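Below are structures written as structure tokens.
In what follows, chain A forms one complex with chain B and a second complex with chain C.
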Partner chain A sequence: MATAADGRLQGARSASASSFSRARSSPSAVLPSPRNPGVKLGPNGATFVSSGIPDLDRILGGGFLLGSLVMVMEDADAPHHLLLLRNFMSQGVVHRQPVLFASPLRDPRAFLGTLPSPVSSSKEHRQRETTVDHNQQDQEKGLRIAWQYKKYFGDQQSSQIHNRDVKQEFSNDFDLRKTLERQHVQHIEIMSIQDIPHLTILRDRCSNFLSGLPRSDGGNLSAGRIAIQSLCAPQCGYAEMDWDLVAFIRFLRSIIRSSNVVAVITFPTSFLSPAFLKRWQHLADTLLSVRAIPDEDKDMAKLLTGYQDMLGLLHVHKVAQNNSQVPTVLEASTFSLKLQKRRYLVLERLNQAPVEASSGTSYSTSGTCSGPSKGSSLDF
Partner chain B sequence: MAESISRSLRDGCLEGEHAPALTIEDSLASPFGSHVFDHFLANLASQIADGTSQARGLVLVALNRSPSFYIDLLRRKGVDASLVDKWVRILDCYSDPLGWKNRIPPLTNVQKPSTREHVSFFRDVRDINKLLSSVLDLGKGFVGQGKTRFAVAVDLVSNLLRHTSLPSVAGLLNNLRSNDQISCIFWLIHSDLHEPRVSAALAYVSTVVASVQPIMQLTDEHRSRRDFLWLQKNSCKAKFCVRLKRRNGRVKLLAEELHMDQVGVKFAAVTSENSFVNKSLLPKVQFNLQLSDQERVDRAKVVLPYEHQGNGEAIEIYDGRRSLSDDQKDPHSVQPSTFSATTDAQANSGNGEIHYIRDSDDEQPDSDEDPDDDLDI
Partner chain C sequence: MNPSPSPPRDPDLLEEALGLGRGGSPPWRLAFVEDCVETSGAFVLHHFLKRALSTEGDGTVIFLGLAQPFSHYDRVLRKMGCNLSVQRNKNKLHFIDLLNLEFLGADEKGENDIEIGFMDLYNRILRYIEAIRSKDYNGGWTTIIIDDLSHLEIAAHGSVKHVLDFLQYCGSLTSEMDCSLVILNHEDIHSSDEALQMLSHLDYISDVLIKAETLSTGIAADVHGQMTVIIKDAPGGLIKKLHSFQFKVKENGVEFFYPGSRF
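Coming up: the complex of A and B.
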């Protein structure tokens, strides 16, 4: 673990030294494809791995930061956190990254049978990516920002467009209807956390996993993934040991920080007391929450477009910023989970349904709308 | 809606899924939970007896009331006694849950209680694993191995929580739910006896949560005035709120009214005086500023109100006077297709329209008067 820490520090040092000079952007443009497509280098010495959902990677500014702790707050009514976990683990399998999966199920291997298999990006997806990136590129050129660091981001984007194939490999689309074959998921380490009386067993397992990871040498970055499902589910033996749970999360966060592993923990919020819920939220580097939507809700169907296709809502509370002081400000923090063609998980911004000019007053009652509540009917 | 719950209990679970689990919760303000439990129990038992349900038998864990009460109940509700003997097994955790009778020296002239064949005693409620295995053994005993399933009903989980911790009870219910041989499971709890996290934990484990709530909420004013109206209203009626977790990941919230009478509970649709307010959990919503492909095509098809259409016509500068434009170009027209006489069928085949009113028409055209003439020097 010490050598892994050294390797990581060295990488960070060299990256940060070069980020202040023009030459920093050239290595990423010169290398046509990094040796490990599963790991992407970002600004300020950050390395990202994909979350398995391309939209989520884009929203979070590159993906899950290696060395960070991602926590997902579950909704007691809906199993959407499992979708996130499935995509996360499948992405790890595709990139041949070691994965540790802990779950309160009696037999976690049953869950591994539901991991989706990757689909080769079709032309449609490529076109979608192209138009988005071109818009951004045009905007960048048109604005001519005086901020001196902006040109480095611009270079990164152009290099991304050149390496279109590499970008596609970083995060795959997963077909939720097809499952990964058994031989691929054999390598995932699993652990059942239902019957363990206290958390030291889980702690030891995580430490062993981290020490068993291959060292990252030179330019070949490796990554590992830890996925823990429903950490404080009520049926687990340790579920009422609140302080022990907090201590475990702090331990996990500290050992991950100096390693090349990203950990995703999902937990049910209804079972925690409010004080501990706040503690858990503060311990997370990246905090997401999934929420269920009511069924056959006419008001919601009128308010939002695409209500029929929505599975649920995803809210981004916090985005990891381990290596930088600049906070990530998102334009929108709530997204709807949808299945495109009933297969691919996509995240979309919530869009208000077009309003009739005559019935414009229906929105003045909902105080949660940001802009439209001021102007009821729209006249051009 | 209570019918839909009975139906879902009857249908049981699909292959590869966990069994549907119903939590019935009530409180002191509306103490009808036991009656609701009896209602569902009797329904399920009669469906098992008829053979219409997926479950082929019922195991009842009796913690709150004696087994004889249940047998009388089922008989009262019209379930055939012989079928009760055949398809219902009761685990008696009521008579001697902690095994005390074994510890005291036996009294000489005490009558041995008549043991019935379908009631088995359970003396160690603190041991959850033993309870789990007893339930499963009882079920397997009369249903057999193989694919047949049986239903489980737990009378009062609150009593179980008295003896053991919440994680073990939640683990027991979860294990029962995920067992292959269980068709459906339901239980009753008095929610005001426990901390909120207990209700949250049980709601997490179950698929349907039915809570019995008072029709009129109890306020301090009521308490001080010993409001008999409130007592009277709440003594025979209650609100029955159901929270269903559907398979597509959405939540359904329903409400009904519950009436108590001599026979039992009756469910009726909610009356308008207590409308169920649906909490909308909406965040900030933006307008969609992107155009869809169809919208882009429509936009490209619209003819724009420029004088110079770029198709070789003479340029006419419009200076605000209607008199200049005689044959073509009526700029007040809403339909842009009348702009140029040479417009072909390309105009307005989509849904794009431009509503255009020139504001220069509001001004009066320059008169020939010299405004300096008004000066009277």
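Coming up: the complex of A and C.
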């Protein structure tokens, strides 16, 4: 009985796997590691974890590269970078990946209370997914079947961390109005970097975190996440420590390079001198910036569709290129950050306003993600 | 994947600009590759690395890898048709892994530590060169590649003096020991006022400058950027030649072409 069921489970899994491999023929599609839904294999020996925003994963060609350093330039006036950080950490919690969070807040624990919770059932969310091409729907179906089987056999792995109705996917949609329950976030390691005069402590914390990670054996890839909020904010007290800061970033970059960890650092740009700002940017593997948009900008509102729904803009400056020398050329580098149904973060390409005020199409519906090989079809 | 027939093979404009013939020694000693955040110049280093290792003359390379681990270069160069692991075993490539290089401990600040650290590094390079020249030396050319200078500055905790001294020493190697030095540097870091000293100094001691920049219209699928090669008649001398062309980086190499010649 059990073996037959296992066979069926295998069948379901292989069915889903085959649909994934079919999708792989498209340029930037990537193959999920069969055993761990939180990690995905890509070209050039790359492994991805999700940023927690499905659209951002698609834009970056699969997600955040393991072993890479992601840096986010903050907006001076608005906390948009926190949206990215929250989703990044929540996604880690959902996939049960170890997370280290360092923050200049006096009590970082309070911030964990604001992490969004994954969207529960598959019925009402992801309506935009229905417009996605059939390939993807096939994948969804395959996954759902495997998931159903898992439910029947009481899979040991779906422990109490996971709501029973959250699908084990590479990336989840997160409902910004619901927060993760306390017992889920208590595994996150936290650290306050306020009033710590030396970066040594932060260094030690990061290297301890790395050495505490489970060794990845064979196909079972594990991943960890480090999130550092506002690294050079004035309350950290790192004034006159420019060289220590870049040395720390270089240190962090070098230690995660050989590990299965992705680190996200957000930093306010206004506290860095132009030369050091450039140094920071050079040290980043993936460089993003977020910008708020003014509420009442009539000209902009006329120019862009869906201006009222926009929270802000996200700009992709650089995409991590480990093991490759070819730069990623995106179709667009600026995206609008929107809340769908006031719940889910989506990224959309900027659309010039047509005469009628129709809402812009989501990035996911506007075509495939651009990758380096995408451009070659234009090569003539 | 690429339906259009491959274009006729362009002459390698970079090689032409640098006056590099088949094999043999380059007519210059110290080349700086300058890039910016938007366009990475690392591909130029890969180009030099491949070229130095693939010539029939026994070229050797000493590679100071500060920015990436060996596995990265290995994978990149393998796609270009050059196996670094094999070259390393044949002692044609000496890879110095400096990804974790830090002259100072996390808290102590000693001028001496930086100086000692740089001296160690220099001695390592010197030992390699002497080893190369001692055993059945047949006039092969040695290239020292540093990827990249900004990491060296960070390791030195911003001590411009020490970094410049180190470069001075390495520069003297090139005239004494028949080798050339290729250094990647980020131009935009040094273009603000406080750091201009460094850039002008580097400008002075080099005899070749290779600049990789984005087009003013940004990166495009067909043109990744433009490259300016400045050849001086002597270090610190006048500009002898100036070449400018565009490039597109591919996995197996780089395409160089004159603006507008592709379409």
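Assume the second predicted complex is superposed on the first by the 270 of 380 C-alpha atoms of A that agree within 3 Å, B and C clash if a C-alpha of one lies under 4 Å from a C-alpha of the other, contacts with A are read in each partner's own complex, and residues count from 1 in each chain.
In this text, contacts are C-beta pairs under 8 Å (C-beta built on N, C-alpha and C of every residue); 3 or more make two chains touch, one makes a residue touch a chain.
What you are looking at is a predicted structure, and each value in this text was computed from that prediction instead of being measured.
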Partner chain in contact with A:K318 - chain B first, chain C second, else both or neither = second
Request  = Using the superposition on chain A described above, determine whether A:S273 touches chain B (first), chain C (second), both, or neither.
outcome  = both
Task = For A:P327, decide between first (touching chain B), second (touching chain C), both and neither.
result = second
Query = After superposition on the shared chain, which partner residues are touched by A:G45: those of chain B (first), chain C (second), both, or neither?
reply = second
Task = Classify the contacts of A:H282 with the two partner chains as first (chain B alone), second (chain C alone), both, or neither.
result = second
Ask   = Just chain B (first), just chain C (second), both, or neither: which does A:L350 touch?
value = first
Remark   = Footprint intersection on chain A (chain B / chain C) at 273, 333, 380
Query = Within the complex, which stretch of chain C touches chain A?
reply = 1-4, 37-40, 42-43, 46, 68-69, 71-72, 75-76, 79, 99-100, 102, 104, 106-107, 150-151, 154-155, 157-158, 186, 188-190, 192, 194-195, 218-222, 224, 249-251, 263
Inquiry  = Using the touch definition from the top, list the residues of chain B that touch chain A in their complex.
reply    = 165-168, 170-171, 173-175, 178, 197, 200-205, 243, 245-246, 248-253, 278, 280-288, 355
Query = What residues of chain A sit close enough to touch chain B in their complex?
reply = 76-80, 105-106, 194, 233-240, 268, 270-273, 291-297, 299-300, 303-305, 311-313, 315, 332-334, 349-352, 366, 368-372, 380
Contacting residues of chain A [partner chain C, same complex] = 27, 44-45, 198-200, 203, 242-243, 246-247, 250-251, 254-255, 257-258, 273-275, 278-279, 281-282, 287, 317-318, 321-327, 329, 333, 373-380
